[in-house]
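Each of the two complexes below includes chain A, the first together with chain B, the second together with chain C.
Our next item is the complex of A and B:
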């Protein structure tokens, strides 16, 4: 099969598989729960941290509205990817999925794209909710950097989510890891706490974990501070590429090990 | 007659304690609750310590550990009590629990009590974090009052959890409400920022929550200031109101689901 045909076949698996999986997710969650998880909960999170930020006086309230909106959006990528494997196992379809000759990368990509798009939508709605209810000063010129930041953050988070999802092939309870990742990202990315208030080692860590670069870019844009879109978005996308690379290695290794040990659906 | 009533009450109390301990042991097996009572309060306490620390307000900083502990208590009660009956349904034990000779209220209250008790762990964890890392007091100025406030907070939370558990019998998708209520109650109860910092229209909602009074009472018991006695009383009153509403609600819901034979369908 030529490279072009392989690519088309892979993309078909991504699009069709992703659409089916996303439809199943919505049906499983039910529309009210979907609304709560995707819109209402992130909104309340934005309000909460905006109030805390206003109370602390460490930064302008806009800083927290934008930071937590992007943080909430990117989490959709992490939860979406890590739950993709967990849900297949829960519904008893994981073995069927892995027995197919379809490329694992394309399958997982199909699970990631809809949740990442969802995340971007959450960020956009969160920012507009912040403008409508929390007095976020929103000008047309900052919409583009915020949008770019949301896309980059969602992409790098999807990479991290894919690593967690791949580990889910070997280990049963990845919910713990996903939640821990959520809390670490909340603290160490500058979404809820200005990084300048944190110790140096946390600031160093924020350079290699998803979201921090994108969030900083959006916060700088809102505050009217100078920022470099190429540098921030570039750093975030390089991180995304690294996370995706690691995820593919972990995915292949986890699948091989779970097949050899016969633990795919037992763990 | 009086002797029988006393004996029945003793038996109900025993059931409440035995079931409560059993539920507590079961909940501690779930990684979700381990996160909810150990990890999440630590993370939110850390955020609050750093943010409130920037205000340079020693009194506010001293209250952070207590507030973050109560946040853990609320999360545990919310998800534990909200999902309590769903768990029973999943295990296939809902019908035996409903038809048991012990009143259903006692069994549900035991679940709520266990989930609220887990909040004591959160409180311990956040007080330890504050003392070890942020140099805030670990021991309350009035230990007796603090213990009384914590006990009333647990019981009031259990009553609130009991009310939610009943409401969720009627509503199949209880996960919707549980996910929705976590942050708003933290904010309204003044656990993230003082209630006085909230808009005026939020204040009545805030005053109606037992968590608000529990937070104030525990904060005052820690610092040795204010009138924690009055706040403990209000915490108890709001908790009892929840209990009374829940008992009326349970009777209605219980009758309805049995009459329609929809207990396992909801």
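Our next item is the complex of A and C:
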């Protein structure tokens, strides 16, 4: 098969397969569950941190609204991949999936894109909720940087999610890792706590974990501070590329390890 | 070229026995497959029989690239299972028994559509093949219903359709009729029977001896991870041709009485099937004529409600084979 045909086949697996698997595996497709998981939960997280911030006086509430909205959006990518693999295990379909010759990267990408798009929707809803309930001053000039930040953060988080999902082929209890990643990213990206208040090593860490660059850009835009979209978005996308590269290696190694250890069918 | 070649295959599982997971000690190795060798010709329907835990499913999982062997070698359509898994995956189908393995929230058609995409089957070819397979497995009228409302038989038929999506050269069927009602099992056997007529090589595992007897060209019997016999169903039955089977139904039989029956000279094997009101003893022996008076004496004539004798079946051959100590059974090959 030529490279072009392989690419087209891979994209079909991502787009068509991704849409089908999203319907098959994602649990929040019913309206009540969607409301709870995708709107209410992120909204209350945004409100909680904004009110805490207002109470502490450390930062303007806009800082928290924008930071936690983007953080909530990007986490969808991380949860999406690990949830997809865990659900495949629960349905007993993981083995059937891996017996097909389809590229694992394309399969996983198909799982990530719909959940990342969900995440971006959450960010948009979160920002509008901040405007409606928390007094976020929404001007047209800040919508673009917030949008760019949400897309970049979702992309880099999808890369991290892909690594966690790939590890899920080998280890069945990946929810612990996902939850830990959630908390680490909440703290160390500056989404809910200004980075200047954190120890130096955490500030250093924020340079190499997803989201921090994108969140900083959005927070600067909202605060009216100067920011460099090329530098911030570029750094976030470079990180995304690195995470996707690592994910490819982990994916191949995890699958081989799971074949060696016989862990594919563990639930 | 053989469709499947297996040479001195072994597979060891390492399991953690410790309650405290950080501890590495307490891990145990369990050898599920121990030096198994066989080959399957193209278009052959090959049965793999054995008790639970004998290594049948492990062997199928190695051949279908889900597991790596610990040692030995296996090829499918000439490709090595360790180094060329993607080539093998293009050429095989895998059907497992049971309720799981399907996307419950998707329709039967969308389940097939998804796996067709994963096999690179698209466009008009996909539409035609899905329609044809849904017709073949008699699900055309329920094609757009969600799988969560399907009966076990319908799910199993959908499993079969998925296994055939890529028109596989080799189809692995791991207990495909488990839990199906007799009519559904018969339909499935009929479908399986037609596959080899179309040139598909089939490796079937089953616990149902009549199924293996009816379908398989050759049968391998595995016990405790070792291959203990490999031949045609007819030849396997002839292997116990020096035996006959006496079936005795009694109203009551204590463990001590059963031990006495086992100890009788000429008794080769005894299986007991109990119901609330009776026990059916199947006694494999060399000569029923000389055994029956002893059986009547031990079991008590007043308690016996039926006595029959018959020629051995594949099940008798199987029972005789798996009952042998695995270490010595290799000699029967």
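Here, the second predicted complex is superposed on the first by the 260 of 267 C-alpha atoms of A that agree within 3 Å, B and C clash if a C-alpha of one lies under 4 Å from a C-alpha of the other, contacts with A are read in each partner's own complex, and residues count from 1 in each chain.
Simple rule for what comes next: contacts are C-beta pairs under 8 Å (C-beta built on N, C-alpha and C of every residue); 3 or more make two chains touch, one makes a residue touch a chain.
Source: prediction; values computed, not measured.
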First (chain B), second (chain C), both or neither touched by A:95: second
Touching partner for A:25 - first (chain B), second (chain C), both, neither: second
Which superposed partner A:262 touches (first chain B, second chain C, both, neither): second
Contacts of A:57 with chain B and chain C, given as first, second, both or neither: first
First, second, both or neither for A:107, with chain B first and chain C second: second
Contacts of A:17 with chain B and chain C, given as first, second, both or neither: second
Touched partner set for A:197, first chain B, second chain C, both or neither: first
Contacting residues of chain A [partner chain B, same complex]: 30, 32-33, 36-37, 40-41, 44-45, 47-48, 51-58, 173, 175-176, 179-180, 183, 186-187, 192-193, 197-198
Complex contact set, residues of chain B against chain A: 31-32, 34-35, 39-40, 43, 46-48, 50-55, 173, 175-176, 179-180, 182-184, 186-187, 192-194, 197-198
In the complex, chain A residues that touch chain C: 9, 12-13, 16-17, 20-21, 23-25, 29, 91-93, 95-102, 107, 256, 259-262, 264-265
Chain C residues touching chain A - in the complex, by the definition given at the top: 13-14, 61, 64-68, 86, 89-90, 92, 94, 96, 98, 100-106, 110, 113-115, 117-120, 122, 162
